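Sending over a structure as structure tokens; questions will come in a sec.
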Amino acid sequence: MKEEKVSRFSVSVPGKLLKELDAMIKQKGYSNRSQAIADMIKDHLVEHNEKLGKKEIAGTITLVYDHHKSHIQATLTDTQHEYHDCIISTVHVHLDHDNCLEVLIVKGMADVIRKIADELIACKGIKHGKLTVTTTGKDIPS
Amino acid sequence: MKEEKVSRFSVSVPGKLLKELDAMIKQKGYSNRSQAIADMIKDHLVEHNEKLGKKEIAGTITLVYDHHKSHIQATLTDTQHEYHDCIISTVHVHLDHDNCLEVLIVKGMADVIRKIADELIACKGIKHGKLTVTTTGKDIPS
Amino acid sequence: MKEEKVSRFSVSVPGKLLKELDAMIKQKGYSNRSQAIADMIKDHLVEHNEKLGKKEIAGTITLVYDHHKSHIQATLTDTQHEYHDCIISTVHVHLDHDNCLEVLIVKGMADVIRKIADELIACKGIKHGKLTVTTTGKDIPS
Amino acid sequence: MKEEKVSRFSVSVPGKLLKELDAMIKQKGYSNRSQAIADMIKDHLVEHNEKLGKKEIAGTITLVYDHHKSHIQATLTDTQHEYHDCIISTVHVHLDHDNCLEVLIVKGMADVIRKIADELIACKGIKHGKLTVTTTGKDIPS
């Protein structure tokens, strides 16, 4: 079994901040500070990599809309098929008689993913849209 | 101005993660690790303290992990079944031989959803996890 | 043995489909189209007459279609929202520039599920549709 | 707009069968016999192509199991990752505290898909499993 090398370093933060950190860690159910800090670092790495553009990312695009709005479905589908290489699959949940929650699962170059998200979220009739970026897992140790 | 008390603590993270952290810190222009870590903590506190409370939301919980990590799947599934009333469905994408992308589509009271997300993201072995909150569409006109 | 009355009727299908039908008939060793079509009808009657009735089932409805076909998406979505209580979620895969694979995950009374499937599969423009019935797991020991 | 060529042919079937066909067509909501017969032909073509093996198909593999059964999840995931090139995504629905409905959306050569399905359905602990075959849409007119 491959043993992963662990690095140790020390951090200085305002006392009040450390207290608040410890309270949050406890509420979130982490067993120690290192694991919580590691998760924060990963979260910021993911976001940072997305901003750099030329890196492969995975993620989701979440859209809420009323499917009765004229043309919205045709527009969303046309856009999605244009980029079908980056869209692994789309889950559609019928929230109620009118409202749809659509979650696209995407993988591709960060700048292309951002472009798809911008295009979809800007569609007339979208109530709320959001791009959530994560890692493809290759560049982040667990 | 009152001098604020500084607390010092040490953190252990995988060596590879520390290397990537240092590269990001340099690119972002921080003068030292402590300042960068402090900013990350503040960022997460802001998100954590956002009042979600007793409101029905829809959303997604995105998780990336290596399915070979011991017990991670059993742990994730057990937690999800505990809250099966709030989890509409979970999409699992096999990114490569090791890495999994799991997207839970959730609907329920905001504080419960937050709790589920916290519990899942804190699981040992999760490379990256994120809660994305959106509307159920009822309270937002399109 | 009583001689059975034979009825004759004419059918119009896309030319390409007829060509593929004839190739399949030949491979299967049928001596004429009527015999092959009669067997298909019997096959579908058996499936249709299967008593599903008042029992809770889980299952999937699989649909393949060209999203460019006029109104098909609006029709499918309207039907799905009518029955949103029985449709847990719908996964949409963009197979290529034109073709969509849509998988509805359903749970409900067998006769209602059958009705939803029939309605969706009969939509003009559906290339292929199929209801797959499975158990909710409650009545089957593992 | 491309006009698709329509072919007309006549069919002779036992009178009783035609009557039953017409009753089924009406119950299923088809607007005419030709559309219903076309759908039956497509259904049989899809099945026939699957049996031929060396043809690209799309489809779903539906599995119901109790996630508490020892090792079942690890086994299912390991098998799925082995074939991750053919599995577009897997939707997992938490039916209740114990039972899981897992739907794999697959695309690939018919014989490989069949092999994956056989391997998964044979796993100890699966309550019910089913391969549903459909078209990739390329070879079937709408």
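Should a chain be cited, it is by its letter among A, B, C and D, assigned in written order, with residues numbered from 1 in that chain.
By our rule, a residue touches a chain if its C-beta (ideal position, glycine included) is under 8 Å from a C-beta of that chain, and two chains touch if they have at least 3 such contacts.
All of these numbers come straight from a predicted model, not from anything done at the bench.
J.: Comparing centres built from CA atoms, which chain ends up most distant from subunit D?
T.: B
J.: So which one's got more C-beta contacts, B-C or B-D?
T.: B-D
J.: Averaged over CA atoms, how far is the centre of subunit A from the centre of subunit D? Could you give it in whole Å?
T.: 32
J.: Where the centres are mean C-alpha positions, what is the separation of subunit B from subunit C, in Å?
T.: About 41 Å separates the centre of subunit B from that of subunit C.
J.: Return the distance between the CA-based centres of subunit B and subunit D, expressed in whole Å.
T.: 36
J.: Listing for subunit A: what residues touch at least two other chains?
T.: As it turns out, subunit A has residues touching two or more other chains at 88-89, 91, 93, 95-96, 98, 100, 105.
J.: Report the residues of subunit C in contact with subunit A in the complex, numbered from low to high.
T.: 67, 73-74, 77-78, 80-82, 84, 87, 89-98, 100
J.: Give the list of subunit D residues in touch with subunit A in this complex.
T.: Its residues touching subunit A are 88-89, 91, 105.
J.: Residues of subunit A touching subunit B in their complex?
T.: Where subunit A meets subunit B, its residues are 4-18, 20-21, 24, 27-31, 33-46, 48, 58-60, 62, 64-66, 69, 88-89, 91, 93, 95-96, 98-101, 103, 105, 107, 125-128, 130, 132, 134-142.
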